[in-house]
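So, here come the structures, one by one.
Each of the next two complexes has subunit A plus one more chain, namely subunit B in the first and subunit C in the second.
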Partner chain A sequence: MKTITCDQFHHFLYSIREDFEIVGPVILHDGTLSLGRLTAEPLALFAGRIPFRFTSLFFPHSERLFAMSDEYRFDKSGSSAKPLLVVGWRAEDLEALEFIDEFFRTGFRDDVFCDRRQSSVVIGVSGRCGVNGEFCRISEGKCDMELIYDGKHFIMAEYTENGRFLSEKIVWGEETDSLEALLQESRALRTPEREILQTASQLLMRNQVDDDFWAEIADRCIQCTSCTNVCPTCTCFDVYDMRLKRKIERYRMWDSCQMSGFMREASGHNPLASQSDRTRRRIRHKLVDDLHRWGRMTCFLCGRCDDVCPTGIGMKAVAAEIVERFG
Partner chain B sequence: MVSCFEKKQYSERGNCDCFHFGVFMDSRIGHAAYEPAIYSIHSISDLTPHEKLFRIEIPDAVDFRHEPGQFVQLSVWGWGEAPISISNSPTRKGYLEFAIRHAGSLTGALHQMRPGSKIGLRGPFGNGFDVNRLRSQNLLLIAGGCGLAPLRSLIQYCEDCRDEFMDIRILYGAKTPHDLLYKSDLAAWMESETFDCRIIVDFVAPNHGYSGKIGLLPELIPPLEVEAENTTAVLVGPPMMYPFVVEALRKKGLDDERIMVSLERHMKCGIGKCGHCAIDHFSCCIDGPVFLLRDLQGTEWAG
Partner chain C sequence: MKKTLTTCPFCATGCMYYLQSDHDKFVGIEPSTVHSIAKGHPCVKGWNAFQFIHHPDRLTTPLIRKNGVLEAAGWEEALDLVVHTLPSLQARYGHDSIMFFSSARTTNEENYLFMKLARAVFKTNNVDHCARLCHSSSVLGLAATFGSGAMSNSISCVDEADTFFVIGSNTTENHPQIGARILQSVKRGAKLIVADSRTIRLAKAATLHLRHRNGSDVALINGMMHVIIRDGLENREFIESRTQNYEQLKNTVLRYPPSIVAEITGLTPQEIIDAAHLYATSPAAMIIYSVGITQHTHGVDNVRSLANLAMLTGHVGRPGTGVNPLRGQNNVQGACDMGALPNVFSGYQKVADEAVRQKFVNEWRVADLPAHAGLPMTRALNAAERGEIKGLYIVGEDPVISDPDQGHVRNALQQLDFLVVQDIFLTATAEYADVVLPAACFAEKDGTFTSTERRIQRVRKAALPIGGARADWEIFCEIASRAGYKYMHYNAPSEIMDEIARVTPIYGGISYSRIDQIGLQWPCLDEHHPGTPILHVGRFVGGMGCFCPAEYRPPAETPDAEYPFILTTGRSYFHYHTGSMTRRTRLLEREENRSYVEINPVDAHRLGIRDRDFVMVATRRGEIVMSARMTKDITPGVLFITFHFEESPGNLLTNNALDPESHIPEYKVCAARITRKP
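After this line comes the complex of A and B, so read on.
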């Protein structure tokens, strides 16, 4: 495996700017950490977790499904955008990406997502790359290449052909075999939050969480939908048409199960009529329903919903409360 | 835990039909995942003051195959897309019929259309009524209100393949005599020896002249003689109808393996992605809309 310094890595990124649209964590002029294109400023790879969905790069907030002229012809003019190269995925983000890849590919293939995803390159960042040098779990896969920071250098682990292709283009760096110690450190990281989540999942599955609990949590919800907006495994969307001059365009846009009209039908029937039902669904969906359907829970403990919820009822908080009260 | 894709636990024939997209792709219309195929409306007729029947002709060259109880995603340009049940049996080829209530903006725009207007279709989607499970059975086909629209596809199928089934009883309830869908079909089914067709309406305006039964749909069930061991019931109707009808059927000895329900949800994509029709771990659009009641145990299906 090669090692490379942060500067060298950025030199490399600049050298392939013509071939790829390079996106990663950036610090905006007001100090906000965000996702953005590579500019003259280096990417903020050590600035912590980006507060919104990394997966939005492949499943954006709003996107066109198709355009059709008033002569009922589909506009087939494809986008000539360069393939996307995204740097900075943390292990939890990569787990979320792995899930939504499977979600959109299984059964009916969602070609809008898959076409965008297919040509992309994903580079994870782990190791001692936390804000204060704390250790971030090593993903050990789920991406094309992982940059594992040992405190001085990135050690490059390539997991796919795309990863190896990029690695071969990097002319700097020394060979190293010092990854083993970092891997051991990563595997030894304690994950008490995961245990809490698993316990909460089991309690929910055994129907040990009563309706009063959900009513109480729902009372604290202000329906801002921040939780579903930042969640990297939320995939719900609504579909709408835009009427433009001589054509219509059909779009999809993220939707939130926390909104009262999410499931309401034209007849007035609403299977998620109360906020209590909706709050219950938000938690159960990730901890129980997806476990049934996909064989795994789909909360990977990235913590974004907890960070963003103004009333303290993100996933970790609710799971902890479930375990405390019913465990 | 093993994913239920692997277990194929939803229904015996495997709802996973729909997970082998390639196999069924040939008989679907629409391109890519979200692009509909474009069709002209062939004819429109009034069914009730609120519902119209739209007919689309399918050219011979299009290999469109559907099961009774499946639905399509119907596009009205500029208004979006809505899930609409196919109302005719696959045995009646060359056309598709949709009974559509004016309920919202999209269906409102559709009601303004004329023959020749262009609409978009994707589908068919979902699991229909499992005809294999219904064969050689006495059937209780129960519809409330608009539920007759999808059930009509099964009734026509039974009519065309009469020998495959034993006694067939149709129970249909609507709010008022005006709201009865497919009045001429109902009259024919009531006259026919093929079916025992019974109708009930919730209330009748004074001096209407309606001479049929007045009451709620579940009231039609207790007087029936039902051989529970070889009878299967099929239910389609508004959500509030289900608990009462299911209770009446259970009293007749039908267990959850002998009750099939078609559920109403607002599918936005039809292909299991948008999340709007989720019922716990099921997506109504790909795992339903028709379920065996047994498979829904423990879920919030009646919500």
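After this line comes the complex of A and C, so read on.
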């Protein structure tokens, strides 16, 4: 395994910018941390978790799927010429990505997502790379390459062909075998939140959470849809058409189960008519339904919904409240 | 992948976020996580604010009415027609025969230029905008008591209040980020008094929910003050050192003991006492109100009474206190600040004041400026109906949908000789126009909006205007120069702001470089001034605070045998105002796509109405068909409708009875009848 400094890594990325569209953490105009194209500035790899739904790179807020001319000519939206190289995701981000990969590939394959995803390369970041140097869990294989920060250098772990291909292009760096200690540190990280989530999941499964609880939580939801919009494992979208002069364009955009129109039938009847039904669904879906369907809960505790919910009812907060009251 | 930091166009809370675009196509929103209000979470409207921008219905070319039909035309022809027709009407019917409706949706720079156009180029003070319809009562009521008509505190004060008194504001729906912040404070232990006849979302979290009769606000507030004085809870020191006219207030509220107020409001005496005690004994209590207070024939009295209550208890001029009108449209605060009002220039400087006029004469390099106040918007439509206003230039407003008594508005527009409408879509109002000018929307131009907390924030151009549309400010400059006026040339909106800062003391320290990342709150007097988060600290803007007691007056129209219900109006969370933008946004339109009337199940059963039935709602102005929504959240005897839907416009029903001082219409109460549609 090779080690490489931050500077060297930046130079490396810069040197391959003709071959890849390189995207990673950047600081926007007012200080917001986001994803952006590589510039001459180094990427903000130590600025913490990207608050926005980072999977939007593959499944954007809205996108044109195709256009159809009035002669029924069909024009599929093309993807960009260069393959995408994404840098800077954390272990829980990579777990979320792994899930939506599976989701969009299974059964009815989602071509738009898969085309974009297939040609991409993902480089995770972990180790002592937190904002204050705290330790971020090592994903151990959920990306093409992982940069594990030991406090001075990145140790490069290649997990796929793509990863090895990139690593071979790096001319700097020294060989090291010091990963074992970091791995042990990573595996020893305590995960009390995961235990809470699991307990909440079991309580829900055993039907021990009453309706009054949901009504109470739902009264605080202002239906801003921020929670679902920043969630990296939310995959619901709505499709709509724009009628232009000589063609129709079809788009899709993120939908939110927190809206009443999400399930409402044309007649006006709505299986999720009350906000309390919708709040219950938001939590139960990830903690129970997905566990049955995909074999795992699909909340990876990234904390984005908790950070954005203006009334404090994100996943972690609700799970903690469930455990406290019904556990 | 381009991300442009800008300010939300959907309400005056003033969230900032990034518009995401790809090759000049708008593809999404990304929140700013550091913005003091948005904090990473726009509301549902904000999250969807990118879709209407390139909607195929956007106006892309000027239109001119030829043989009764609006036809596409070139800019030259359209602008020439405007520049020739308006002066010729003035030549025939006098300077004040034309009227300018400015827009609370456009930028500060554009509002400033539009009022400059009216005053310097067309020599009339007939300029106004829709603040007339929402908070003109606040501007007057708070100016009389505190000396300044804007929100006294900052949105962040919500985090510091111990008690909230929310009256006439459905905060979580109309100012969602502020509503959510109130909910958070309540969760932390703050107390909440909600006075609203509907069980709005905030009411569910309230310590005390007062379902007082619609339109009985003055009685309720006087009743609270009566109890406060009776029980010795008034803030003596504050009253003595900072206010005047206390004796008069005392004499007035003496006549409002809980027993009498209970009769007027339908509350129990104990509820009034509890509310008074809770508000008065809190270390920091914050009054939050909105158009449920202002849109009455006694709107100014309502506002004054709230100001009286705050002064009586000393809940002004400190963090977590104050009297806080939540402004509605994204830049309605700014449109007022910029002097798009008939009696003031920018910064509320009176046109009647000789010295002020001279200052503008010098800055604008004109021979003189008109000294008498112009017409308020509501009166102007009446004047148009009578044939006294001949020409009307409307920017970014749709009075057919937004003004009360739609039949009257349509009639007034028909009487006009010449109507110019400048907008981004062909609105119901634009269908009456002789000339339609296609404008750029918020994402296609630079400028500033001023939020409800007086914060001046940047709006940024993220793409070129669609088709042949142009930014409003550029259109105004074109018109001015075609009309022969030489001093309306700017290379960019930042230069307009520099001029605003020169002539407007409260904006004196504003420049684009200072508000590049986060806006400043006015008053900001010079380039070193840090802005003012809280007004009236230690001293009222007007010097001493002045108690202005008000007597209860019933609404202009009350239920009777023929029209037995009270009809009140409001908004849906999912739509912004007349819906021209939000109804062209997929998820928002899906959420709420037709007009509805809320009715209590008790009333509904009695009338044989079931949920989602089609019903006819009628008032003395007209009738509309809509779908019934049964909910216990509304009191028996009251109906609630919104006004966003052109197909069954709520404002066909509302009453154009005006407050005698602010000329605001009484949207909030009229008498109605409801029947099931067979």
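Here, the second predicted complex is superposed on the first by the 322 of 327 C-alpha atoms of A that agree within 3 Å, B and C clash if a C-alpha of one lies under 4 Å from a C-alpha of the other, contacts with A are read in each partner's own complex, and residues count from 1 in each chain.
Definition applied: contacts are C-beta pairs under 8 Å (C-beta built on N, C-alpha and C of every residue); 3 or more make two chains touch, one makes a residue touch a chain.
As the structure is a prediction and not an experimental result, all values here were calculated from the model.
Annotation: superposed three-chain arrangement on subunit A; subunit B versus subunit C shows no clash, the two fitting side by side. When both complexes are overlaid on chain A, the residue A:His285 reaches subunit B alone and has no touch with subunit C. In the superposition on chain A, contact of A:Lys152 is made with neither subunit B nor subunit C. When the shared chain is aligned, no partner comes close enough to touch A:Arg246: not subunit B, not subunit C. When the two complexes are overlaid on their common chain A, residue A:Asp307 makes contact with subunit C while staying clear of subunit B. In the superposed model, A:Phe104 makes contact with subunit B only, not with subunit C. Touch criterion not met for A:Arg190: it reaches neither subunit B nor subunit C. Between the C-alpha centres of subunit B and subunit C, as viewed from that of subunit A after superposition on chain A, lies an angle of 80 degrees, to the nearest 10. By the document's definition of touching, of the two partners only subunit B reaches A:Pro271; subunit C does not. By the touch criterion defined above, A:Arg293 reaches subunit B but does not reach subunit C.
In the superposition on chain A, A:Ser56 makes contact with subunit C only, not with subunit B.
Minimum Cα separation between subunit B and subunit C in the superposed model: 10 Å.
Across the two superposed structures, the residue set of subunit A contacted by subunit B and also by subunit C is 238, 240, 243, 255. The residues of subunit C lying in touch with subunit A in their complex are 1, 3, 5, 16, 18, 20, 25, 27-35, 39-44, 47, 50-51, 55-56, 172, 176-177, 179-181, 183-184, 187, 201, 204-205, 516-518, 573, 586-587, 590-591, 612, 627. Against subunit C, in their complex, subunit A makes its touches with residues 23, 28-34, 36-37, 51-52, 56, 60-64, 219-220, 222-226, 229-230, 238, 240, 242-245, 253, 255-256, 259-261, 268, 307-312.
Those residues of subunit A whose C-beta lies close enough to touch subunit B in the complex are 65-66, 68, 72, 74, 103-104, 106-112, 235-241, 243, 248, 250, 252, 255, 257, 262-267, 269, 271-273, 277, 281, 284-285, 288-295. Per the touch definition, subunit B reaches subunit A in the complex via residues 1-6, 18-19, 21, 31-35, 38, 75, 77-82, 101, 103-104, 107, 118, 146, 238-239, 264-266, 268-269, 271-281, 286, 300, 303.
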